[in-house]
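Both complexes shown next keep chain A, but they swap its partner, so chain B is in the first and chain C is in the second.
Up next is the complex of A and B:
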């Protein structure tokens, strides 16, 4: 009963309700602008809300988190510029839908599925947080390595019709990811003595360049192509559609919760793995993947919003952040005099249920703010090129600068924009590049950590891999996915089912 | 005519008084910029964002804080150094710059800055996985000797707290440990709970909540005296008296301005942060996180900074992972 009381705190107070709504509204727009990240917004709010009551401050921040994760899909669908790395997979099928004049439908569907994903995350947080966090803690460096390998196999899905070019692009991305101080030994790699390169090339700058600027340049190239007329009669998705895709969105939401709860991975990897999952389980999509398949839009959107609840799981139960944003939340709780840690649940049980309730409330506001204003937004794509292209470039520059208040990031972003343009001209997909950038560090670090802890013995590495149930499951799924894509499998299947 | 002259004279005088009349008599005249060396949500960030609002009240202007991460804090340090020495740009940092010269990371350290306030110091401890077959430093070193290479120790890269504390231990007893690097003590302490690591030297504040909840155990306290937060844990100097030549030592948080900032501005900032660091909320926060409040400026702060630099630079040099000898920079042996 008490729990219900705490749960409803933010629902029954007008102040908290309004702050959550305001946060969610701002979040949707902050999330939509590439470079303006939820992490940044929340950390600025820490000093801004310093003197506030802790509940008020949290409501505003939770709203921004929930709205921001959703908002990243907006620009991904409309302009092919993901607002955040977790919306990269959304652009793959969302933008082709917009090109066909279905932007309104795409946003409507992604909103509903985001909200469903969000609720799955919240429900798991509310009912199974301790269990999930103990499970997430079981992941060893080798398991993270295998998640990375699972992710990198997505190159196959992202390569378009030429795998060789896709592998090349992916390898290029991994190379970019290695620039900077070696995460393990702090030796400089490809930095040429430049201090600004110590932290590596920011993946977000690469992403904005490859998607945003290259899109603007490509549009300049095809200046005479008329803008696509958007059908905006149907915004709220058909009930039949929601029902049809519900199983898929529940599956990918579960992926989102687990990957979000892992302290070493966040919504970006969750969304990519979800996209891959959708591609494998959907036997006969109405539209092929990459050309506007609704499944390809739903999967990452459900997963990245489910990852929000997931990220809160280790944070609220163990004081371990599940991603960058929850790390900032931990700082906020400290500043407000709470002691987030494994004892939070027993010392301040109200905090847990308050957060669960507040997340649920913010998720409802996502639905409201997501479904309103779509008509206006869809018009963006219909804008004359003379307005649209400068707008994209402006957004890209502002976004790149905002990542770290650094001019260097703007140059990187522009450079990758030009590279992206030529890649598109020569039929190379840009998706694998960003995949390589995101995953190279995860794989690099965890491969080396796991081999160091085996005293550099490969046999020991495999013995431990095969004797741990978790590692074994991951390993077998990698093998199965790999083999199922080879001709041997097709032949074997043909023989069995003859 | 005379009247006109007079007016001109008055105007000129007034203008002069604005320019010359020590602009700093009324420091600060505009908002101040605070540059934080580490990322949002980290301990430096948390400390700075919780003390600064109290200092703003004293100064009557806003202190706008931004995180400029990268190069173990060197990006922010260089950024502030490139600004005018007028007191309007503050460097909010941790201990790292004191090692830049020896590690070959930069030609700057806190010797190029004036301390406004060294707010607090962290206390290093050794924590271990609950299942580890040892409960104190003595048992740990004996176990590690008997099982060379079998104990997995987390570290946070060269020059980090763990590397220095391990180098201190190495100067007392030679052990064959397997070092596994993580990006910061947060991820490493998570790995300790997952069993990927056996032992981790960390700052008390980062581990205390996990210790209280019984998710890991403390096996050593790297200080000269016992700590109220860790009842029953004896200081490391009892088992290894040689440690006392390095202690007390610990990572710290401080606010700095570039050298040659006008004295009036420095005094004003020192006074503001001195009052801010006495705020009960801030003290409570620091105590809970296991940091000991220092709240010092002037010669006292400089002495602490120099000692820190000497101890850390030489221990790292003697352990063999410095790029340059501390001697080159005239850093005396402790």
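Up next is the complex of A and C:
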């Protein structure tokens, strides 16, 4: 009964209801406008909302997250430009549908299936999180250390095509996270005698730089890309279509929620796997895949929204973010004084059930905003980049300054923006940097705890690691990811499939 | 066999800079507490920077082996750092420099007018109007609604606000 009360908090308060609606509305547009991303928006937003009441701030950010994942599909369908990475698979069949004059139908179907997927994810989150949380209480410090390494390696290997660059980025982030006074001994680390660095580099400034400024600078390369306008007619999908594709939607939602729950994997991978699943299970599609098959649109859309609920499971129960967006989100939770982890559900059950309820509410708003306001949408999405980019840069500056009212944070933000720009140019992923910054403290503390408990003996550390089933599974997973990216693996695979 | 892509101009130099930076950080990590204990404050940074050195060595070796893209350093200015990007970086850094002295309103307005005029190129009057409108919206949302304190600079913003407040009262 108590859980239900907490669940309904954002449904019954007018303020929270309005903030969730506003967040979802903004999220749909942020996700849809190429050049703007949910990660960018949440990073900038943290700096403005950290003085707010935690519930208000969470409502706005959850709305943006949920709306943003859905919003990416709109431009994927209409312009063949995925607004977010999770909408890449949507463009494969969504855009051909639009070219055939079925843009309205594609948007309607993708909205309904996104909402169904979203609910599947939320239900799984509500059911699985307490179980995972209970299990996570048995985790040893070394398991947390390895979960951190696993997350960074997964993001590093899956988000780009070069593991060593991903690993470098993750380690760089970990190092940024250690700048300042050591939390255990107060010894200075990388402060170079500058007192202002004792508190470290603000993670929000790093986030805004890497996701706001660097993305805006990268977008300058695509200034002349002309957008193609599509005609949109009926948006509300036919009931017969919804009924027909419901089983596929539920199947791909399950894929989405599982993939989303794995550290390092997010909506983009979930959507691509779901698309592949739809291709395999649909024996005789009415329209071939890649030419406007409805199955090819429904599968990724259900999966990427289901992945949101899935991604919340490790984030809330283990304090481990799944990808860059959840890493930023996790940063926001820490800033608001919440400590996501196994104890969150026992110490702060209201926060957990509030989040579940709020996600469900945001999902309903996705349905409302997804099926309405299409004319306004077309106008906003056509906002020229020449206006959009200066605005993103200005908001990044305002956001960085708002953290501590300090010009120094603006310089950190701009510095990381330029570094992030060059990293992107040379195929280094910036996602693992943020993951490293967020996980740095957790990994540092858990490494030291575990090695102290082994009396500084590295052999004992490994003996205990290999004798604990959980630690062993995590260790083998890390090894497998590493080996799977080496030339030895590629050669072995080529030999097997020859 | 996967195809070997030609490296982008400046990629080897970037890889070399990354390696140098990693080595510097490794040395700085060592300076924290040396190799005294596995649980020392420097142990974790040492491991992280060690990974950075290792990974950047591999990346640099890979880059050296890859064929260079035709066009050399001229292509760097067109593909990696085209004038549009370097000019925007210069504009945003100048904005950062003048922000503290001139204050948010004037510096942000100048930044918007110059950058919109440079990127959008639809006439100065349009750029000024768009910049003014955007600045008004941003000011209302962030300064008045979110209560974000922004650098005042040469405009006595608080006095003006107080005066407007007294007029309204």
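By definition in this document, the second predicted complex is superposed on the first by the 269 of 498 C-alpha atoms of A that agree within 3 Å, B and C clash if a C-alpha of one lies under 4 Å from a C-alpha of the other, contacts with A are read in each partner's own complex, and residues count from 1 in each chain.
Basically, contacts are C-beta pairs under 8 Å (C-beta built on N, C-alpha and C of every residue); 3 or more make two chains touch, one makes a residue touch a chain.
Since the structure is predicted, the reported quantities are computational estimates derived from the model, not experimental observations.
J.: For A:330, select first, second, both or neither according to whether it touches chain B, chain C, the two together, or no partner.
T.: First partner only, chain B.
J.: Just to be sure I read the superposition right, which of the two partners does A:22 touch: chain B = first, chain C = second, or both, or neither?
T.: Once the two structures are laid over each other on A, A:22 reaches no partner at all.
J.: Touching A:236 in the superposition: chain B (first), chain C (second), both, neither?
T.: Touch status of A:236: no partner.
J.: First (chain B), second (chain C), both or neither: which does A:447 touch?
T.: A:447: touches chain C, not chain B.
J.: Regarding the shared-chain residue A:405, is it in contact with chain B (first), chain C (second), both, or neither?
T.: both
J.: A:39 contacts which: chain B (first), chain C (second), both, neither?
T.: So A:39 only meets chain B here.
J.: Thinking of the overlay built on chain A, is A:190 touched by chain B (first), by chain C (second), by both, or by neither?
T.: second
J.: What is the contact status of A:168 with respect to chain B (first) and chain C (second): first, second, both, or neither?
T.: After superposing on A, A:168 lies in contact with chain C but is clear of chain B.
J.: For chain A, which residues lie in the overlap of the chain B contacts and the chain C contacts?
T.: 51, 184-185, 405, 452
J.: Would you pull the chain C residues touching chain A in the complex into a rising list?
T.: Spelled out, the residues of chain C in touch with chain A are 1-2, 8, 11, 14-15, 18, 22, 25, 28-29, 32-33, 37-39, 41-45, 47-49, 51-52, 55-56, 58-59, 62, 80-82, 84-85, 88-89, 92-93, 95-96, 99-100, 104, 108, 111-112, 115-116, 119-122, 130, 134, 138, 142, 146-151.
J.: Which residues of chain B touch chain A once you look at their complex with the stated criterion?
T.: 40-42, 45-46, 49-50, 52-53, 65-72, 74-75, 78, 106, 149, 152, 157-159, 178-183, 186-187, 190-191, 193-196, 208-210, 212-213, 215, 281, 284-285, 288-289
J.: Spell out the residues on chain A that touch chain C in their complex, using ranges where they run on.
T.: Of all residues in chain A, those touching chain C are 48-49, 51, 162, 164-165, 167-168, 171-172, 174-175, 178, 182, 184-185, 187-190, 213, 217, 220-221, 223, 384-387, 389-391, 393-395, 397-398, 401-402, 405, 407, 410-411, 414, 418, 421-422, 425-426, 436, 440, 443-444, 447-448, 451-452, 456, 458, 490, 494.
J.: Considering the complex alone, what residue numbers of chain A touch chain B?
T.: Listed in rising order, the residues of chain A that touch chain B are 39-40, 42-43, 46-47, 50-51, 137-141, 181, 183-186, 195-196, 198-199, 263-264, 318-321, 324, 327-331, 334-335, 337, 339-343, 404-406, 445, 449, 452-453, 455.
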